[in-house]
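Next come the structures, one after another.
Each of the next two complexes has chain A plus one more chain, namely chain B in the first and chain C in the second.
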Partner chain A sequence: MVQPVLEWQAGRVTAIRPETRQTKSFTFALPKWMAHRPGQHYDVRLTAPDGYQTQRSYSIASPPERLREIELTVERIPDGEVSPYLHDVLMQGDELEVRGPIGGYFVWDVRLGGPLLLVGGGSGVVPLMAMLRHRAAQHSTVPTRMLYSSRSAEDVIYHDELDGMAAASDGFEAFYTFTRQPPAGWTGYRRRIDAAMLAEVIKPFDKRARVYVCGPTLLVEAVANALVEMELPIEQIRTERFGPTGV
Partner chain B sequence: MDRDEPDMNTALMVDGNAVAGQLEQIFGRDMTMTIARCAGCARDAQLGALMAFIRGPGVVLRCPACQNAIARIVETPSAIYLEARGAAYLRMTPQG
Partner chain C sequence: MAGLISRGFLGRRRPAEVENRLPPGQYLVTDFPVLSAGPTPHTPLERWSFTVEGLVGSPVTWSWEEFQKLPTQTYTVDISCVTKWTKLDTRWLGVSIDTLLKAVQVDPAGRYVMAYSDGGYTTNLPLEEMVNGQAFVAYQFDDKPLDPVHGGPARLVVPHLYFWKSAKWIRGLRFMERNQPGFWESLGYHIHGDPWKEERYSGD
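Moving on to the complex of A and B:
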């Protein structure tokens, strides 16, 4: 099967939804939509009046079961070139150049099975959410655990939806850790993800776990190194680092 | 001060997956699962798993085992340069 040439297309913004103080979800209707694999991303390109162009990659948050449109959840990076434009300028009805879906490396779908451990830091949860939404849409019962690191409860993206998924008792469990300000009365994890925490969360899956890790580079480094120390086979570990923004 | 200070470099590093779009533009197919054999240490790694440095004027892809520069990509208004001296070879599955 020859895949279609990757080309830029104009996506029309059909919805903008704030998720947290720093993140918004943008829905784009795409004239040349094609089904993606959960975990893939789109490139977004901005062109200034003088012809200067800049682009960034953003993970798809929506599942492939959602047809003809994609949702990207974007964190606003204060000194960024693209995300402040998306957050502060882009409006419903506007068009934006996008190309995708891109990447065959950091992907999971139900055919790959589990057990599945998803580890996210900050907006690193976005591609993991596409996997979880796909899992739910397929009524999959693949044993799945998510370990999600945020600064505070207000910074947890998709909090209600994740809690709803966990309440469905279909084999999904969510574990949160808060690195700055845990909610009042919180008895769970309150530190950066470390080897001891990973060992606890991965325990029922042991070395069979397929692990997807997405977040700031230093978090991904720490998690990947800890997993290798646990002698998890390296081909079962997939990482996506998105650079220096810290959690 | 020192921009080559190791922690800074580590923090700025992303995965080869981050340049998947650029690679697909050049090769006309997804390249993230393509294997590169490092010409320095002979380790095999998927392009999506290479260490990628994308904040400079071009892209540098490095071997995750020995940090040898596997490939560099520079785009100018009129051309794309892909230098891949650091790869002994690329191995990909046939399409079609």
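Moving on to the complex of A and C:
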């Protein structure tokens, strides 16, 4: 496979949108934009006046159908070095160095088909959202289910958009679970994702499901192990960890 | 681009003795992050084996029990992941690649190695970067059996290259004549992966 050389480029911040208390989405206009595959990420590099540099990786939330720009959704890690800068200092009109798209395994596009099960925890939903937005932009009807674990309803990123997608009745269904504070009157799941919950959500797809799991290590391990126990072929299970390494 | 100054960014400085050990673009962690592309394999030790094969006189396979009898060394090394984290002074117990190679006759044409693992993971390395104490197969971390999420029962450790080269759940080494890309190397990551040269992605 021939790979393009990935060069640093100055992305101009064209929009900053708060998503939840802890997360914001940043839109960057890119002079050397290249179509990504949903699930890929970009590297971000910050440089101090004396030349000190540091880098982090952030998942792309936007679909490749959005041309010439990318959207990154970033969780603010209180003791982080880069995410507090992005949240508290970066403003519309600023330029930031980025390079990508990066990563060629945790990717899905409509050509890969389904049925598709997306399992996310916290900000692990971000690369899964790129897949869902791509699916919607392509008017795909690939049977798709998302199981999304959050602490509380306020922590659900893209909540309205996900509900809107589910309301389109195009084969997508969203399942939420709340680990700390379910909304009032909530009758759905209210615990960490476990094998029983996974078995219920995956049921119509059975062993044909292509599964993408992204979240904290414990969630990813629990889900992937449960899927292996269900005898899902391991090549249908793709994982990505999201958490403190992304600060 | 040498680096566009980020307005209002000062950065988190570490003492110089720490900063000097961080390759370019890396940041220090004290936890041990887990990254893997698929489910964690759980191979029972009685079914585990380690094989050296390919361009060798005759392939050699060790059972877990036999592998445990090989001479070990303790290693304290810094490790750097391409996802930007670096962890200093990690402590391992393992078997040097030099020790394993004493048991086989490597064909002089076999200058490259494909490390392969449970779950189908592979990564390629030049032989000359695995010998003379540069690489080992570890089965203990911090005096405890290596946790499966970190590659247990045994993983390759090649500390001077990005950590994707340190194949988790390793089951063997295959000697090859030509340098062929492994799993991540086929998906846009650098064929060599030296953190000090920042060889992250193909073309770096």
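Please note the rule applied: the second predicted complex is superposed on the first by the 239 of 247 C-alpha atoms of A that agree within 3 Å, B and C clash if a C-alpha of one lies under 4 Å from a C-alpha of the other, contacts with A are read in each partner's own complex, and residues count from 1 in each chain.
Throughout what follows, a residue touches a chain if its C-beta (ideal position, glycine included) is under 8 Å from a C-beta of that chain, and two chains touch if they have at least 3 such contacts.
Note that this is a predicted model, so its numbers are computed, not measured.
Clashing of chain B with chain C is the outcome of superposition onto chain A.
With both structures placed on the common chain, the touch criterion links A:L112 to neither chain B nor chain C. After overlaying the two complexes on the shared chain, residue contacts for A:E95 are found with chain C alone; chain B is out of touch. Of the two partner chains, neither chain B nor chain C is touched by A:A15. With both complexes placed on chain A, chain A has more residues touched by C than by the other of chain B and chain C. When the shared chain is aligned, chain C comes close enough to touch A:T54, but chain B does not.
In the superposed model, A:A196 makes contact with neither chain B nor chain C. When the shared chain is aligned, chain B and chain C each come close enough to touch A:E221.
Of the two partner chains placed by superposition, chain B and chain C are both touched by A:L6. Residues 1, 3, 5-6, 43, 55, 57, 102-106, 217, 221, 239-241, 243-244 of chain A touch chain B in one complex and chain C in the other. On chain A, the positions that touch chain C within their shared complex are 1, 3-10, 43, 45-49, 51-57, 81, 85, 89, 94-97, 102-106, 217, 220-221, 224-225, 227-228, 234-235, 237-241, 243-245. Those residues of chain A lying in contact with chain B across their complex are 1-3, 5-6, 41, 43, 55, 57, 99-100, 102-106, 216-218, 221, 239-244.
Across the interface of their complex, chain A is touched by residues 1, 3-13, 24-27, 29, 31, 33-40, 42, 81, 83-85, 119-120, 149, 183-184, 186-188, 200-204 of chain C.
Those residues of chain B lying in contact with chain A across their complex are 10-18, 20-21, 24-25, 28-30, 32-33, 46-49, 55, 95-96.
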